[in-house]
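One chain, chain A, links the two complexes that follow: it is found with chain B in the first and with chain C in the second.
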Partner chain A sequence: MRAERLLAPLPGLLFLALLLLVLEWAVGEGLIRRALMPPPSAIWEVLRDLLLSGDVLPPLAATLRLVLIGFALGSAAGVALGTAMGWWGAAYRLLEPLVEMLRPIPKAALVPPLMLFLGIGDMMKITSVALAVTFPVLVNTLQGVRGVDRVLLDSARTHGWGTGRALRHVVLPAALPFILAGMRTSLGLALIIAVLSEMLTGQGGLGFLILDMQRSFLIRQMYAWLVILALVGLALNALFAWAEARALHWQQRQ
Partner chain B sequence: METLILELDAVGKSFPARGGPPTLAMDRVSLSVREGEFLSILGPSGCGKSTLLQIAAGLMEPSAGAVRVAGRAVKGPPPEAVYVFQQYGRSLLPWRSVRDNVAFAVEHRPGMSRSRARAVADAQLAAVALTGFGDHFPWQLSGGMQQRVALARALAAEPRILLMDEPFSAVDALTRLDLHRLMLELWEKRGLTVVLVTHDVEEAVALSDRVALLTKRPSTIARVVETGLPRPRDAVEVRETARFLELRHELLDALLTRGGHAG
Partner chain C sequence: MSEAVLARPAAVSLRLRPSSGLLLVLGLLLLWEISARTGMVDSPNWPPFLHVLAALARDTVSGEIPLLVGSTLARMFAGLAAGTLAGVAAGLIFGASRLVRRLLGPTVELIRPIPIPAIIPPLVLFLGLDDAMKVTVAAVTAFFPVLTNTAQGLRAVEADQLAMARSFGVPAHRRLLRVTLPAILPYVLAGLRVALALALVTTVVAEMIAGEQGVGHYLVLMQFAGRAEEMYAAVLVLALLGYGLNRGFVLLERRLIGWFYATGRDG
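Up next, the complex of A and B:
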C-alpha cells in the first residue's frame, strides 16, 4: 500500500525526465536555436549557482511577500463580504450588482489604473493581488454560507446560540470546504498578479527579473528564474493542500 | 394546581402558495401540556406535526394564535425548551467530536469553562450509554448512536421540556425499542416534560401519558386520549397489556378508517 503510493507519481516523473533529455538532445543537434532555448543542463548550472550563492533569496522574498500579504488580505475581505452577503439579505441586495460588475474584470487589467492612484510601490502591488484574491473567495464563501443546513442552524437556535456565535461556530466551519476551495483558486491568481505587477512596474521580485533577463538577452538566467517561479507555485500549492487537509480532517468520511 | 409548561392557543399556520391564496396547513390547534407529562402528537404523514412542534419550539412563527412556554409568550426559542430533530445526522456538527457536540449545548453559558462544558458532556454521554465514544466523530457512529448523541446534547441543556420530532423514525426496529426504553428511563429519572411527534401508533401509546390525535391538512386536534397505562412501565412489556392493544386498535382505527379527519 505504502509502496504503491510512493510509486504512483513515477510514470509522470519519468516522462518529465524524458522530455528534458529530448530537449537537451534537440538543442545539441541544433534543432532548436540555442539563443532562444539553452539546453536544460546549461539552465541547471545557472540555477545551481543562484541557489548555492543565496542570490535567489532577495527577489524570492520580495515576490512571496506580495503574494502572502495580498492573499491574506484578499481572503479576509472575501470571507467577510461573502459571509455578510450570504447571511443578510440586505447586504446581498446592496452588494450583488457591484460584485457582479467587478468580478468578470481580469484583475490584471486593474494594475494600470491602480498605478495611477497608488504609484508603483508595494502598496499598489499588494492591493492588486488582494483584489484578485477577493472575488473567488467571496463567491465561494457566499455559496458555502447559503448552503449551510437549516437543521444545523436550528440546532444552534434551539440551544440558545446568538447570531454571532452561530456564525463563528456553525456557519463558518460548515462553509469552510467552500471557502478553502475558493482560496485554492485564489492562490494561483495571487502569484500571477504579483508577477505581473512586478513586470508592469519594472520593480523587484521574480516577475521583474524574468522580464529584465529577457531584455538583457540573459536567456539562461531568464529560464532559471522561470524554473524558480514554477517551484514557488508548486510549493505554495503543496503547502495549501497540506493545510487544507488538516483543516478539513473531519471530512475524511466514507 | 398543575403547571402548564406549554400552551398552544388556537394556533394556525398558512404557507404562501404560488399564484393563489396561502395554503392553510394548520387550523386552530389548542393544546395544553402539563409539566412532567409525556405527551405524543400522533398524525398521518404530511399533516404538519413537525410544523406544530417547530412553532412550539419558537423556531417558526405561527400565522395565528398564541404559544406560551412556562407562562411566557414565545418569541424565538425559549430557554426552557430544546428541540430534537428527526434528522439527527444533520443536526450534529460533523467537524466536532461527539463530546464537543454535546458540550455545544452549554459552552456558551456565562461562567462555563471549556473543561466544565466537557465534563458536563461526558456525564450526559454516560446517561445515554455512550461512555468512551467522546473522542469519536459523529459519522463514525451508527444512526441509533448518533440519535443518542443528539439526545445527550439536548439533555445537557437541562431543559424543562423536550420537543422531539420523530426522533426514532430513522433507525431500525430493534434500535428503536432500545431508544424507547432509554427515553422512558431518562424521562422518569429527570422529571422532564416530553412532547413527541410521531406517526407510529405503538410508539405513541407505549411511551405516553396522553396522545393527541392530529387530523390531515388543514390539521387540527381531533381528540386527546389518556392512555392510563401504569408508571413506571417498560417500553416493550407494556405492548402485551390489554389496555395497550385497545388503545392501539382505537387510534389506528381513527387514523386509517376516518383518515384522521375531525368529527
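Up next, the complex of A and C:
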C-alpha cells in the first residue's frame, strides 16, 4: 500500500523528464530558437549556481515576505469583517453596499494609485496583496457564518453561552470550510499581486527579476527565476492544502 | 475578484431606499470630495471625486475610453474562448482517462501555480508585445480552472444516466452530446465564472506590463503622467467592467442551467 502510494506519481514524473529531454533535443537541433528557449540543461546550470551560491535567498525571502504578510493581514480582515457582517444584521446593512462596490475592482488596477500614495516600498506591496486577499475571504466567511445550523446556535443559547463563546466555538468552526475555500482562492491572487507589484515598481523579489532578466536579454536567468517562482507557488499551495486537511480533519471523517 | 467555486453568486439587488450602507458610501464619497477641495489632503494625487467623474465623462464622450475598453474586452474574450475550448477538451480527456491523468498530472500541477504575470516576460519573447501575447495570457488564465472543473464534472456525471442511455442503444457520440455535456455544463460554467474574473485581471496586467494597448496601459500611462483624475477614471471603468461582467455571467448562467439550481443539485 505504502509503496504503491510512493510509486503513483512515477509515470507523471517520467513524462515530465521525457518532455524536458525532447525540449533539449529540439533546441539542440535548432527547431526552437535558442534565443527564445535555451535548452533545459543550460537553465539547470544557472539554477544550480543560484541555489548553491545562496543568491536565490534574498529575492525569494523578499517575495515570500510580501505574500505571507499580505495574505495574513488580508485573511484576518476578511474573516473579521465577514463574521461581523454575517452575525450582526446592522453590520451587514452598513457594509454590504461598500463591499459590493469595492469587490468588483480588479485589485491589480489599485497598484498604480497605491504607488502614488505609499511609494514603491513594501508598505505599498503588502497593502496591495492584503486588499486582493480580503474580499474573497470576506465573501466566503459571510456565507459560511450565515449558513450555520440554527439548531446549533439555539442549543448554544440554551446552555447560556454568550456571543463571544458562540462565535468562537460554534460559528467559526462551522464556517471554517468556507473560510478556507476563500483563503485558497486568495493565495493564488496574493502571488499574482505580489509579482505584479514587484514588476510595476521595478524593485524587489522574483517578479522584478523575471521581468528585468527578460529586458536585459538574460534569457537563461529569466527561466531559472521562473522555475523558482513556480516551485514557490507549488510549495505554498501544497502547504495550504496540508494545513486545510489538518484543520478540517473532522469533516473528512464524517 | 472571484469567490471560490463553493460560493454561489449572491443575488445582488439594487436597492435605492436609504439604508445605513448607502449613507456610508455617500458619506465616504462626500469626505473624499471635501478633503480634496478644502486641502485637508493637499496632494496632486487626490483630485475631488467629481473631477474624476468629469474626466470619465469627458473621455467617454470623446470616444477614448470606449475604444480602450473595446480593445481590452476583445482580447479578453478571444483568450477566454480559446482557453475554455482547450480547457473543456483537456478536461474531458483528463476526466475520462486515468492513464492521461497519471501521465500529465504532475506537469499540469507544476505549471498551474505559476502566477500569470510571471509568464508574461517569456511570452513576450515568443509572441511580442501585442495582441497575440495578451490573448494567450487570457487563454492560459481560463484554461486551468476550466480544465479542473470539467474533469471534476465528468466524474460527477451519474453512471446510471450513462448506463441507461447505453441500454437504450444511444450511440457514443450522442451520449457525449446529449448526456455528458449537459451534465457537466454547470461545472464548466462554475470554472468559467472564476476564469472570467481572473481573465479581466490578467489581461489588464498584461497591458500594464507590456505594449501600449487597452485600459491597463492607459492606467499606468496616466499614473506616470501624473494625471490622477484620468487614472482614477480608469480604475472606475475597470470596477464597472468587473461588476458588469459578473452580473452578465450570472444572468447567462441562470438561463443556461436554471434546471441545475431548480433541482437543488448545487448543494
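In this text, the second predicted complex is superposed on the first by the 253 of 254 C-alpha atoms of A that agree within 3 Å, B and C clash if a C-alpha of one lies under 4 Å from a C-alpha of the other, contacts with A are read in each partner's own complex, and residues count from 1 in each chain.
We take it that contacts are C-beta pairs under 8 Å (C-beta built on N, C-alpha and C of every residue); 3 or more make two chains touch, one makes a residue touch a chain.
None of these values were measured; they are calculated from a predicted model.
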First, second, both or neither for A:Phe208, with chain B first and chain C second: neither
Contacts of A:Phe71 with chain B and chain C, given as first, second, both or neither: neither
Chain B versus chain C, judged by how many residues of chain A each one touches: C
Partner chain in contact with A:Val151 - chain B first, chain C second, else both or neither: first
Touched partner set for A:Gly160, first chain B, second chain C, both or neither: first
First (chain B), second (chain C), both or neither touched by A:Leu16: second
First (chain B), second (chain C), both or neither touched by A:Asn140: second
Contacts on chain A seen with chain B and repeated with chain C across the two complexes: none
Touch list for chain C against partner chain A, complex: 1-7, 10, 12, 19-22, 24-25, 28, 45, 99, 102-107, 109-122, 124-126, 194, 197, 200-202, 204-205, 208-209, 216, 219-220, 222-223, 228, 231-232, 234-235, 238-240, 242-243, 246
Touch list for chain A against partner chain B, complex: 149, 151-152, 154-155, 157-162, 165, 169-170, 173-174, 176, 250-251, 253
Residue numbers on chain B that touch chain A, as the complex places them: 54, 57-59, 76-77, 79, 81-83, 85, 87, 90-96, 104-105, 108, 137, 139, 153, 157
Residue ranges of chain A touching chain C (in the complex, touch as defined): 8-9, 11-13, 15-16, 19, 35-36, 90, 93-98, 100-110, 112-113, 115-117, 132, 135-136, 139-140, 143, 177-178, 181-182, 184-185, 188-189, 191-192, 194-196, 199-200, 206-207, 210-211, 213-215, 219, 222-223, 226, 229-230, 233-234, 236-237
